[in-house]
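Just dropping this structure here.
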Amino acid sequence: MNAIIFSAGWGIIMMFCSFLVRNKSSFRHIAVVGLLVLLVVNILDSNGVAVFHIDSKNMLAYTRFGLLFNSIAIASTLIYVLLSGKDIARIGSYAAEYFILIFFVLCGVAILSSYNNLLMLFLGIEILSIPLYILTGSDKRNLKSNEASLKYFLMGSFSTALMVMGIALMYGGTGTFSLDVVRTETGLYKGVSFLEIIGLLFLMVSMCFKVSAAPFHFWTPDVYDGAPGVITSFMATIVKVAGFIAFLKLCYGRMTTTSTAIDWQLLFAVIIIATLLFGNITAIFQQSVKRMLAYSSIAQAGFMLFALFSLNDFASKGLLMYSAAYSLATIGLFAVLVKMKDVTFEGYNGLAKTQPVLAATNAIFLFSLAGIPLTAGFLAKYYMLASVVETGNYIWLVVVAVLFAAISTYYYFRVIQAMYFKTGEPQTENITGSFKFGLIALAAIIIIIGVLPQYLFNWLYF
Amino acid sequence: MIALLLILVPVIGGLITLFIKNKNTAKGFSLFVSIITLIFALIGVYSTQVNQLHFDVAWMPDLNSRITLGLDGLSKILSLLTAISLPVIITATYKNTYTNAGKFYGLMFLCQAGMLGVFLSMDALLFYFFWELALIPAYFLCSIWGGEKRIPVTFKFFVYTFVGSLLMLISILFIYSKTPDHSFAMQSFYHAKLSASQSQWMFWLFFIALAIKMPVFPFHTWQPDTYEQAPTAVTMLLSGVMVKMGVFGVIRWLLPIFPQASQTNSSIIITLSVIGMLYASLIAIRQNDMKRLIAYSSIAHVGLMCAALFSNQQVGMQGVLIQMFNHGINIIGLWIVADAIEKQFGTRKFSELGGLGQRAPTLAILFVVLCLANVALPLTNAFVGEFLMFNGLFRYNPVMAGIALIAIILAAVYTLNMIQKIFYGNTVALTANAHDSSFNINAALVILVIVVIVFGIYPQPMLNLAQESAKMFIAKIP
Amino acid sequence: MPIQYYIVLAAALFCIGVVGVLIRRNAIIIFMSIELMLNSVNLMLVAFSKMHYALGNAANTGTPVNVGTDAQLFVFFIMVVAAAEVSVGLAIIVMMYRNIHSTDVNFLNRLKN
Amino acid sequence: MVYLVPLFPLLGFFLNGLFRNLSKSLVSIIGCGSILISFIISCILFFDVRSGGALPVHPLFPFINIASFKIDFAFQVDQLSSIFLLIITGVGFLIHVYSTSYMHEEKEEHFARYFSYLNLFVFSMLLLVLGANYVIMFIGWEGVGLCSYLLIGYWFKNDNYNYAATKAFVMNRIGDVGFLLGIFWLLSKLGTANFNDVFANVHQLSSTDITGITVLLFIGAMGKSAQIPLYTWLPDAMAGPTPVSALIHAATMVTAGIYMVARSNALYSLSAVAENLVAIVGIATALLAATIAIKQNDIKKVLAYSTVSQLGYMFLGLGVGAYTGAVFHVMTHAFFKALLFLGAGSVIHALHTQQDMRYMGGLKKYLPVTHITFLVACLAISGIPPFSGFFSKDEILAAAYSANPIYWVLGVIGAGMTAFYMFRLYATTFLGEFRGTDEQKNHLHESPLAITIPLLILAILAAIGGFVNVPEVFGGNAKLHEFLSPVITTEKTFQLTSSKDFMLMGISVAVAVIGIIIALAKYIKKPELGEPQGLGKVLANKWYVDEIYNALIVNPLSYLAIFFKNVIEKSGIDGFVNGVGTFVQYSSRRLRLVQNGKVGTYILLMVFSIVLLFVVFWNQTNIIDFFQKIF
Amino acid sequence: MTATEILFWFLSALALFSALMVLASKNPVHSVLWLIVVFFAISGHYILLNAQFLAIVNLIVYAGAIMVLFLFVIMLMNLNTSTEPQRNSLLKLAGVVAGCLLLTVMVSAVRSANEITNSQTIMNEGNIGLIENLGKVLFTQYVVPFEISSVLFLSAMVGAVVIGKKE
């Protein structure tokens, strides 16, 4: 609850700041402070210290898992703002507003990581989405940004409609919006309801849309490509994994009880394969690193979907791991990307010569995304594969997945090839020392997680 | 402790070297580090104290994975090879100038550390980590300092091996889920309970990774291209040591984990290996490029190792163990000569060379000795290994051994052909004013030749090292 | 009324909304179709609310319980969200119109492949 | 003491090989001296053996000592090996001495190289005969192959010589493969390769095993001793310097096969199949080579084919069980064939590398010593009593007769041809008129002492060498027989009445004499100078065996290699690998078209997908069943 | 047939017909008007179901506020003439087919839902839809989502400012 209140509250505070404070760059600092506060209160929350005592009437349920995830999301946002704060302020004529919206998104993330009622899911998704429609279109004169915003909005609304349809049907089956339906033989709602399954299917489609799983991913490349780079970074990381957490909670809450979870595995298998196929194969042909990263995020979603497929102990841990690994690496990549004048592959040619630090850290981020050991990305993928192997079924799915993972190296390594093995004159914005330091720290975090993952879990719990 | 130091020294040395700007300092320092590593390896080989040789510390409690390193006979042989190779390579290429020498040597060390880690780790996950760690620096080394077509070729190499290792990861994961105590420890893996069909599938997933690394016949096409394009110093490391990772994986992991499946599949694999031997040898005969010829020759040799491994005979296994070392030494020697020739004449084509023997007698002599080792002439080190391996294969299936032996006839054909085209005959325009090899190359080659001859005449120390391991691994197979 | 009538009615309205999204090119009309979809869901929810009210009271003989109110409140929240969405959505459409003087969704077509 | 024998040649090899700037005289001293010392030690060993029987096996160090078997680096000096030691070091020494003069015009470093090779060769050969087990023997076996390769290719600037060297090595290797397989078979059945242990445990082997092992070992012998079908390397090997031909390709290396079979007589005598095979291959080679030798014009080629032919005789002897006879023939052959080669070398030396007999003639008066010694050798090889060849060849023929008269008939025909071609050679070279250039004529002179002295010594040996084993019919006591009996335990005893024996000898000598007369009559006046026609052409072209090999084996393999390289490797395997990549890229180009940038299409696809998901979900049991049926 | 049933059928038919007309109208203004008719029909249904609060809110918020907003925008953009370029007829057909398929799938899926075969909605009675009842629940059970929805409005507001304000 702390995180929800503080993120909303800090958003409101910044609304006042926006006309009280003239200096644009100070918004960034205020936002950083806010995020730090948010992180602290969230960690306090996970240690049982609630700042406000509010009875949510079982609308929200706080679990270790959810709070841990929320901490990761806030920490990622913090890193994101630290690295790209200046670029956020430069998007358009507003500065504070973007940060405000980011705080509201975080409020949505906090809701999604702890909801226990389909109403809260619905609200959370909307609180998450509506600021993003705006942020996507925030580069107002840019037609690409406009187009992305419109597409995102129309398709997002469509998926919202699907979602409420699903919720309605689920309600029809069970008579409640709560996630933890008590199914007793003698109670009001007996056994498994058929309507609920139909509803779940709709809800699943809508969630697949949010996490850009194929074949509901079509918005992703266009929107990620069209949105300002910094915003894409935020959308592709924190927002996306929040969708996954919500999805996972949904699966745990309803899918494991509507019927045996195995019934859903085939469906997830189909979606996973489609996602990996579309994400990886299409990414190969891209000429722009930004758009490539959009497809890559689809491909990564394919891997994250494994958690929903297997729904065991490995899955939830793995999803946390994946969220951290994927978000950090992507944030880093986008932080460098927005500094590049030319975001095609050619634009990166010879970066290792002119900006060795950028190139080296970029390489580590790419390794992490490709799942090379010693980086967090490997362990993340490891957990995902392990979760499926643990279920004992669908080993072929794992084989397919690793083949696609191998294909993914093709486009990730194209960037490395451009940076290290080709020659060129890459144009970058001013790179400050602190930015470089931030990148190095980020890379170090990725490697530390990759080598000693228990620190991630232990440290966040104290 | 020795085990840990063996990995730490190159890692730390490599990281330091990465940041050395001065070319000569980098070279000198890396030679120093490599010799330190060699000293540790020698201590390890001669030490018999178990607590010195083993290292064990908790790593990922969540996954029940530990950092377990150990030196047994098998890993002693290979770590010695790995440790010897680097000083020799650095010596041999001492006069070569690499842009960003510090980076070059630093990556070499990281690669070496990865390979040492593979050989020493007794924990499956750790093994996998090092397996990949060895690959990445190699990828960079080849792609940055390689030949014209380096980028696509090296990428092919990378993807090829990466696919394999991912398949291996699946297999590791699956076995992990079937271990009695859910841990990655080697012993738990050996006692994993797999049904027949499961072990059949997992065997193949695991094997493909190793087969690509070795490489065994249909999975070999990355190899000649990569060897050709990579800078020769890296090629030496790749073919001398990295190839052994595949063979090592079979011995350490594949055979003991899947005793049953490796027996049921042995006929397929041995057939493939033998086909590969003949196939590669035949192709080698028609090569016009020295590096490609050596590459195909290596495929043929490794094919024999693979066949001998699956023949399920202690003799063969022991032969493989020592042959891994010997092959590494020999092929590094061949590459050194190839490098010397390429550096001097700018070409490796036989058609453009000839008569070098008149101008460079020292190089010619050393090269001929190495070539003879390559064809496994008695009293060179390779003879003992191949003798034992063929012996094992013979015990498995005499006809197969007979067919495989054709490869050593073909080996004589292409190897002598190579000597003749380069060193014999009259000088041509290119070689008319050639000079003999420089001191550092001679020094490196002499070291190798001494190893070749010493272990050719008196292989017993190596055999003793291999004895226990071979017995142990064979005993696992019912 | 049997609940199926309502379900089919709502489903039909929903699908008409879907078809509207699919066959029209004007962003505003598409948006209206989405609103239509939301309304069909509202209708369904209210129907379910009354169904569960009936079921709940049939099971618990005695004092009538408030089963089914939550669905009607959900409808209320859907309306709230729809209102917020409309404000943002129309703002976006207006922004686009300012730039390209059209509301055709296919007019902007730079992001593809 | 035993290990000193190979040690000195090894030292000589290292000294001459590593220090390449020694003066020629120092090189000569080191080269010849090391062999001389070996020879002296060999003599001592020989007398030790003669007086006290076989010396104990000397294990130097364990070579391959593993759980399955133990192979020591061990030497064994017994009756058989001591004789070979004498031949190798003795003849070897003479040839070293000869070489100091013959090779004197070489540059210093090449001179040293030559002697180091020669020493290495002697070392390997000694290893071969001294080894106490098959593996050590194999080491020497391959070692001599290597030295042969190095020495044939000694003039490495000439590509043809290099090809000949490679051919020799490869052909030897083919035989070696058989040898190796035989060793593997032995090791897997008996767990040992020591001669003594093997022969003591022969009874543990089944007859299949013995046949298999002996045939495989014989394949090795075929390669090394130039028997059909692996003989073609030997004539080509004449590319090397002439002393090398004498040492390696006449006196010592090629007899390694005989040594090995004789050594393994305990095995061979148990397998009738192997014995017959050896005999048939032997006699066939003897005849084939003899026919080819008749029409050769290169002086060394004639000698080479004659060597092949004589080796065939030896194998005939081994095949019919006359092991001593074979060894005896090895010895006498070493003397006269070395002599022949050295004599030929002397001629070539005198004519400045002219090797074609058609441009010789009438050398009798210019090269008296060479001429006389050469004549002695010709008589010896033709089997004219009382020269050495007569006794050894006769012993083999007698044994052949008792085994199968057909062998004898063929053998006698061969002997006649031998006499014919040898005297054809003699006549065209030494008799008649000189046919070379005037310049050559002016420079004709007898060779220096370093050449003629070895010739003389060998001539004496060739003349009287036969007397060490005078058969009983002549009142001798077959000393060699007696001496070798501890080693050769399975000598076939054959009983011929002395009259029959005399008759057989008489016939063979008569045939030889007829051959000599025809040759002399035909070639003194009218040496054959033109290109031969008809059958002669076939013979002159060596029955086209090389061409047949090329067409049947070499070319198909070569085409196969090209096919593998260009088609299977490039388009097949690599093509498949790259094809996967191309396919992925192609599908990428296709798949990206789905992303056409239109919201309507996206939502349309989404709706269809929803429908699809519904269908999949409701039919999942059917789908899973379907897939399970397929896989 | 009771009056309720007659009303039900009438309202349903009206809703479906007007919904179709929304799609069929070339003129956006007509579409808006037809949509308002749909909303009225749905509100009628609410009344039939005795959900009086929702019926009123639906009219006020949807028909009253939202649709007026739509009208304003359309007027503002001067889109009242049918200038909309026509979509590819094949795509149109595909759209219709997709919609029909979805309907078929949904209906057939719902038909196999046995648990509701005999369930009835209670018409005209039950007081759960009354303002009093809903209000009580809203401000006790649903107070957290109620407050949280304010964040939604805040972000919508900020967004409208960011997007809509002329620079």
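Which chain is which? They are A, B, C, D and E, in the order written, and residues in each are numbered from 1.
Everything below uses one rule, namely that a residue touches a chain if its C-beta (ideal position, glycine included) is under 8 Å from a C-beta of that chain, and two chains touch if they have at least 3 such contacts.
Remember, predicted model here, so these are calculated numbers, not experimental data.
Among the remaining chains, those touching chain A as well as chain E are C, D.
The fewest steps needed to get from chain B to chain C, moving only between touching chains, is 2. Note: the chain lying farthest from chain E is D, by mean C-alpha position.
Taking the mean of each chain's C-alpha atoms as its centre, the chain lying closest to the overall protein C-alpha centroid is B. For the pair chain A and chain B, the distance between C-alpha centroids works out to 43 Å. Chain A and chain D have CA centres that are 77 Å apart. Centre to centre, using the average C-alpha position, chain C and chain E are separated by 5 Å. Centres computed as Cα averages put chain A at a distance of 27 Å from chain C. The set of chain C residues that touch two or more partner chains comprises 3, 7, 14, 17-18, 21-23, 25, 30-31, 51, 55, 67-68, 70, 73, 77, 81, 84-85, 88, 91-93, 95, 105, 109-113. Within chain D, contacts with two or more other chains are made by residues 592, 595, 597, 599-601, 603-604, 607, 610, 614. For chain B, no residue reaches two or more other chains under the stated contact definition.
By the definition given earlier, chain contacts exist for A-B, A-C, A-D, A-E, B-D, C-D, C-E, D-E.
Contact residues on chain B toward chain D in their complex (touch as defined above): 156, 160, 218, 220-222, 279, 282-283, 285-287, 313-315, 318, 355, 357-358, 361, 365, 372, 377-379, 383-384, 387-388, 390-391, 394-395, 398, 401-402, 405-406, 408-409, 412-413, 416-417, 420, 423-426, 457-460, 463, 467, 471.
By the touch criterion given at the top, residues 87, 91, 94-95, 98-99, 101-102, 105, 109 of chain E touch chain D in their complex.
Partner chain D is touched in their complex by these residues of chain C: 18, 21-23, 25, 30, 105-106, 109-113.
Chain B makes touch with chain A in their complex at residues 59-62, 128-129, 131-133, 136, 140, 143-144, 150-151, 155, 158-159, 162-163, 166-167, 169-170, 173-174, 176-177, 201, 205. Listing the residues of chain A that touch chain B in their complex gives 317, 367, 372-374, 378, 382, 385-386, 389-390, 392, 395, 398-399, 402-403, 405-406, 409-410, 413, 417, 420-422, 452-454, 457.
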